[in-house]
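Can you read through this structure? Questions will come right after.
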Amino acid sequence: MAKRTIIPFGPQHPVLPEPIHLDLVLEDEMVVEAIPSIGFVHRGLELLCKKKSFKDLIYVAERVCGICSFMHGMAFSQGIEKIMDVSVPDRALYLRVFWSEMSRIHSHILWLGLTADAIGFESLFCHCWRIREKILNIIEDTTGGRVIFGVCKVGGVRRDVDDDTFKRILGQLKEIESDYNNIVDVFRRDYTVKHRFSGVGVLPREDVCPLGAVGPVGRASGVSQDMRKLGYAAYNNLDFEPVTESAGDCYARCMVRIREVNLSFDLIRQAVEKIPDGPVDVKVKGLPEGEVFSRVEQPRGEVVYYLKGNGTKFLDRFRIRTPTFTHIAALVQMLAGCDLADVPVIVLSIDPCISCAER
Amino acid sequence: MSFIKKSPWMFHYDGSSCNGCDIEVLACLMPMYDIERFGVINTGNPKHSDILLITGSINRQNEDVVKTLYGQMGNPKVVIAIGTCAASGGIFAECYNILGGVNTTIPVDLYVPGCAARPEAIIDGVIQALDILEEKQKQRKKGKVTK
Amino acid sequence: MFEEQEIISIGKRELVDRIRGLSSQDYRLVQIGCTKLETFQIDYSFDKDYKFLNIRVNVPIEDAQLPSISGICGSAFVYENEIHDFFGIKVDGISIDYGGNFYRTAVQAPFNIEEPSTDEE
Amino acid sequence: MNTVFYTTIGYILLAPFVGGLLMGLDRIVTARMQSRVGPPVLQPFYDVFKLFGKDKLTVNQFHNYYLVCFFIFILVSGSMFFAGNDLLMVIFAFIVADVLLILAAYSTNSPYSSIGAERELLQMLSAEPMILLSAVGLYMVTGSFKVSAIVSCEKPLIVYLPGVFLGLTYVLTIKLRKSPFDLSTSHHAHQELVKGITTEFAGPALAVIEIVHWYETILLLGMIYLFFAFNPVLGVVVVVFVYFLEVLVDNTNARIKWELMLKSAWMVTIIVGGGNLFVLYYVLRL
Amino acid sequence: MTWITFLIIFPLLPACLVLLFKSVSIQKWVVIIASALICIGSVCLALTCTQAEAQYFRVTPDIVNKLVATGDITLALVFLYVCRHLPLKRYWIPLLVVVQYGAVVWYDLSGRVPETTHCLFVDNLSVIMALVIGIVGPLITVYTIGYMEKYHEEHPEVPDRRDQFLSAIFLFFSAMYGIIFSNNITWIYFFWEITTFCSFIMIGYPQTEEAVHNSFLALWMLLLGGLGFAAAILYASSVCGTVDLRQLLTMKKSVVLLPVLLICFAGLNKAAQFPFAKWLLGAMVAPTPSSALLHSSTMVKAGVYIVLRCAPVLHGTAAGAMVALIGGLSFLAGSALAISQRDGKRVLAYSTIGNLGLIILCAGIGSHLTLWAAVLLIIFHAPAKALMFLCVGTVEQQTGSRDIEDMNGLISRMPLLTIVMLIGLAGMFLAPFGMLISKWVVLEVLARKNPVLPMIVIFGGELMLFFYVKWMGKLVAVTGPQPQQGEGIGIEWSALGGLAVLTVLVCGLFPFVGIYLIEPMYGCDPMLSRQAIRAVAIMLGLMLLLPLGFFIPRKDLVHVDLYLSGANVTDPHKFMDSMGTARDCSFKNYYINKYFSEEKLFPGALVGSIVLLILMFSMEKL
């Protein structure tokens, strides 16, 4: 039975909006082996640190990825602030939490939609994205951008949100949340959805650590690991527990994300409640010298920025390690032995952001 | 009026975009914007499409891919470059792996500006592309007659 | 609030044993990064229960070679292929070796090319 | 002879209109279920006319040729049905048509097409037994395989064959390529197989596929109608209702995998369809 | 009568001639002329002997009976001789021989076997069988000449015993005609065992370890059937008091059911139904012509034929229903098992088992309508299956492989052969070709029976469709310009072409076959309405006309490469893989080993069929 089909899956493939290539080795419909290939989005933006000053680099960081754009900016700013020992005002930190959680909600709902689409459930796709538009409206309301916010900067944030707006937003969020809960009930209950997710792409708990799985993928396998617990921004003042599931399959990952959205709604409420008055930024003086590893929990998991300054306005190294990149190894393992029909589901279950991964 | 104006099928390729424009392209299909009102279907297959939406700039590795996909579309066809990167490379123009905007590789008919381009702008771009499509269809028919 | 970051510099020979030790203590490989200074500075970052630990190895730029740790940490192969493609460092024995085709870049080993920092202003 | 002639011509001319309209309504209803506005009702026709105006792309010399054969055999099958011919022969012609489509996909040697072809085969393996079984069921009640005889049968067939009807409705989803059974190809290409069996068809060839789909739809709905032929008004109402049900199912289900499709379709065929026939067999013998 | 004698006796002549003349060219001409004569003989028989009533011929009993007894003894000795060095210590083989021949010969010599005066007969069923043997057989024989020549070029390790092979073929012809024209079951038994012997010789021909092993496997399994036959003879002569087939079949069912079941047992065995299917699969090691001739189109049909003969007795009995169910089980299991196979000959072997199962199913029910369908199946199955075997044999010789995956893109490499092969494949399962028409008839007939039977036919038919279509798919895949092969198919073309034409022709002619041959025999309305025949005619016409459409020149086609997710490289059938190299995108079929593998299904089918066999005999009194 040595004869196997090898099919090219991607770079252009309608089920994945982004270009990634997989060589799928098939036996009947079973995937025996999958070898990923990346680089179709590779721009080489890490080297831009030689061409743009560290203050401008935040624009680059925000465009590492258009979905978790804000958190890239935040991780970068945090790192530079640490090197330069800038203390950011509290209100800015709370606003960062607010926008991170908004973008986490938008990212997770986007993901829910895309996954629904990958299993051929178009109407669920549409409804998820319908809700997401409401979130985007709030984001646009507060930042002026829909997907790329451009509000984070070294030393704080660029915009403030006044209390009336916050009040209005809380009201809107309440409606959105109940709408959202109705829709995700389909994920929880629908037979065909369960059929497509349960037992698919299982990543056992003991494999999480060796394969370096992070974020929702790790949490779905029962590893409670959430970088927000590091307490960056204002997270040390907020009360929350990382969401975990134990099954480690696509269904668990789906459930983790669904529940994380609820957690985010809750965090936003807490943050809005506790937000102090005051300025939203400080002036940054001097040039960075030193190095730092800055870690932030993105919707897809832990992102690591390694920044090394040498006392000029150009950084020595601007290194980004994104969650998708570290998930490639887990992906290779999960894809072996699955069905062809499961491939998009499994690939999507790590919530791939190829643009992040390849930079 | 030719039917191509009534049923422009599109497909989307992510050159090396940051996903910002990509998700906005997808958002066009969604209830809020519902581009299917104009008969647009996101086919996902170059052979079935009339409009190619490219987001992001062209890099060394996807150059051949974009050429291949463009070549697999049947005439008449239109290419729309979505976003700043697709127009010129944008913020990434200086990166070592970026060749530049989409026009460095295939002919572009229409540019939609923005970083990220807004869904309204994308829909507007698609609607404007319809006239170009119709023009191309006319040219094509004429060409056939003269031949 | 910022986490503690422990950075330990070791020699290339100790590397594999050290990492095997960490791996057996359930440390998770966070990333492998490379920075070009006078030498190549390779960072192996680990994490255990939110505790960040960084193992640093310096490799001379001429004759840059590294042993692979992909046998110990399953996710290491992507970083090692990346380091190979970006910096031109030879990594021996990667579990899935793309042979330089992980990133098919326009420039070979782009991070290893001396480019003067341009001043825009 | 004359009536046969007229029904055949009528089917060939009218079916695409009705089918296309149904498809247009389908798209609107679908859009509304997704809280969208949706395209104009004539959109399927626009699409087809547009496709005819496009380049005739092809990957090899045989590809489009099989497609034409496919088209002709669907026409033959449908015409035979509406001319009141032998139901089994209608189904067999339908199978031949399907096989030709599969061969067209195979002939491309393209991975996505070929897997689509393979899945289409699995779909046939799942659906055809039930369709043939319903022909047997109709025969058991009416004593004839001829469609004309079945239609003119005074008995309310649905009362005798509720299980068969249910089974047929179940596999109808497979034959209409609606979710959850749109494995080999679907109207939305966002699946692992791109467009599956139709990936390599482009331009006019794709238009032909669309048109054939309209013919198929009408033919299959005709089979549903047979169960209610004793009362034409009720029949039409049920047909419309069943089609609406298909749209609803399409919109409330994810695509399932082939194993579940095969198993469930065979279970339905054997338990619901076969069970019905058994009961009928013993009732009729009494 | 003349033609019958001619057909039984004449093939012995070329059988001796090929042994006498070692020259290849003489052998060639002997074979061609003899084949032509056999063919002419069968057609003449059909023209002269087609009547509503069966005709019985008186044969001087003394000499012939002696002859048969002597033949029996000789055959027994020959069997014992070939068993002289048994592989794997299968001592039960000689035991089987000794027991059955000992009993039969002793009964015969001691005069306990009743005399029969009319030993030969002919009726329409015999005529149809004669036509099948006499038209398909000679074509295969002619094919053998060319095939064996190349076979020995390619397999120098196999000792060249072509003369024996050809001789065995002609001996086989004689035996087959003997079976279908004999009215005396002792005679049938004699000829029956000759065919077993021929089969044994041919399977063992390559003399490899596997071939020898399989030949002995076939031998003992077929001898088991012989044992059943022998038991039937003993029972019939001692209890029923006659070995005259006609008399036996008209006796009271309660008396005659047991011997008839024993004969059916032999028939099931020869038709390779479960649980005996294994010998047929093993027989695939033999050179292809023998697979085509013995193991698909004719010899296995002898098993079906004898069950068909017994059908009037089986009709309406529970035991008959069991026979039908064994057939049904074989149909289902054979079709399902073929899905997991990728060796072309093995697929064909399984589908043979399946198709014969369908015929047995019809015969077991035994009503006139089902018999009518069964006969149609025999007629359609023979040419198409023979054609397929010969095509696979030719492909194997041309490309060195009979693996279906290796036939990918055959239409680019050997267009003509592929077209012939597609006709054969279409003939096996596609409307409006033969097998499907008969399946349609079967369904129409069975629809008024217990719903289990139509369901078996429906599911089996769909499974069959699955593996044949995916095979067809491999053939039609266009893999781009490749070197043309197919040179050096010489005399084989006449056989391939002839069979292809025949496959199409029988579909066109089947209403006539029905009206002139089958209907007088079973006296029933074939139930084929005019309208349906017209539908078949239209479809057949389309099938013949549509290929012409391919020659219509078409302009303005734009050739593009395959959709490969944009990973195309300059070669249209290659793509850029993850490691950056160009790779072939050839696609492999599904084999669904998870559900249809031999390991999973075969034991189940074996157990099921053995249970059914036991039930069959235990229901003898019902």
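By written order: A, B, C, D and E. Residues from 1 in each chain.
Keep this in mind: a contact is a pair of C-beta atoms (placed from the backbone, for glycine too) under 8 Å apart; a residue touches a chain by one contact, two chains touch by 3 or more.
This structure is a prediction, so every number in the text was calculated from the model and none was measured.
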| item | value |
| --- | --- |
| Any chain in contact with chain B as well as chain E | A, C, D |
| Reference chain B; chain at largest CA-centroid distance | E |
| A-E compared against A-D, more contacting pairs | A-D |
| Central chain (by mean CA position) | D |
| Centroid-based (C-alpha) most distant chain relative to chain D | C |
| Mean-CA-position distance for chain C and chain B (Å) | 39 |
| Centre-to-centre distance between chain C and chain A (centres being mean Cα positions), rounded to whole Å | 24 |
| Distance from the mean Cα position of chain D to that of chain B, given in whole angstrom | 35 |
| Rounded Å distance between chain C and chain D, as computed from the means of their C-alpha atoms | 58 |
| Residues within chain B bordering two or more other chains | 13, 30-31, 42-47, 59, 61, 65, 69, 72, 74, 96-97 |
| Contacts with 2+ other chains: residues of chain E | 558, 560-561, 563-567, 576, 578-580, 585-587, 590 |
| Contacts with two or more other chains, residues of chain C listed in rising order | 98, 101, 103-105, 110 |
| Every chain pair in contact, whichever chains are involved | A-B, A-C, A-D, A-E, B-C, B-D, B-E, C-E, D-E |
| Parts of chain C lying in touch with chain A, wherever the complex brings them together | 1-3, 5, 23, 26-31, 33, 35-37, 43, 45, 50, 52, 54, 73-78, 96, 98, 101-105, 110-111, 115, 117-118, 120-121 |
| For the chain A and chain E complex, residues of the former touching the latter | 1, 3-13, 19, 21-23, 26-29, 35-37 |
| In the complex with chain E, residue positions of chain C that touch it | 98-101, 104 |
| Complex interface listing, chain E residues touching chain A | 342, 405, 564-567, 575-580, 583-588, 590-594 |
| Contact footprint of chain C on chain E as seen in their complex | 578-580 |
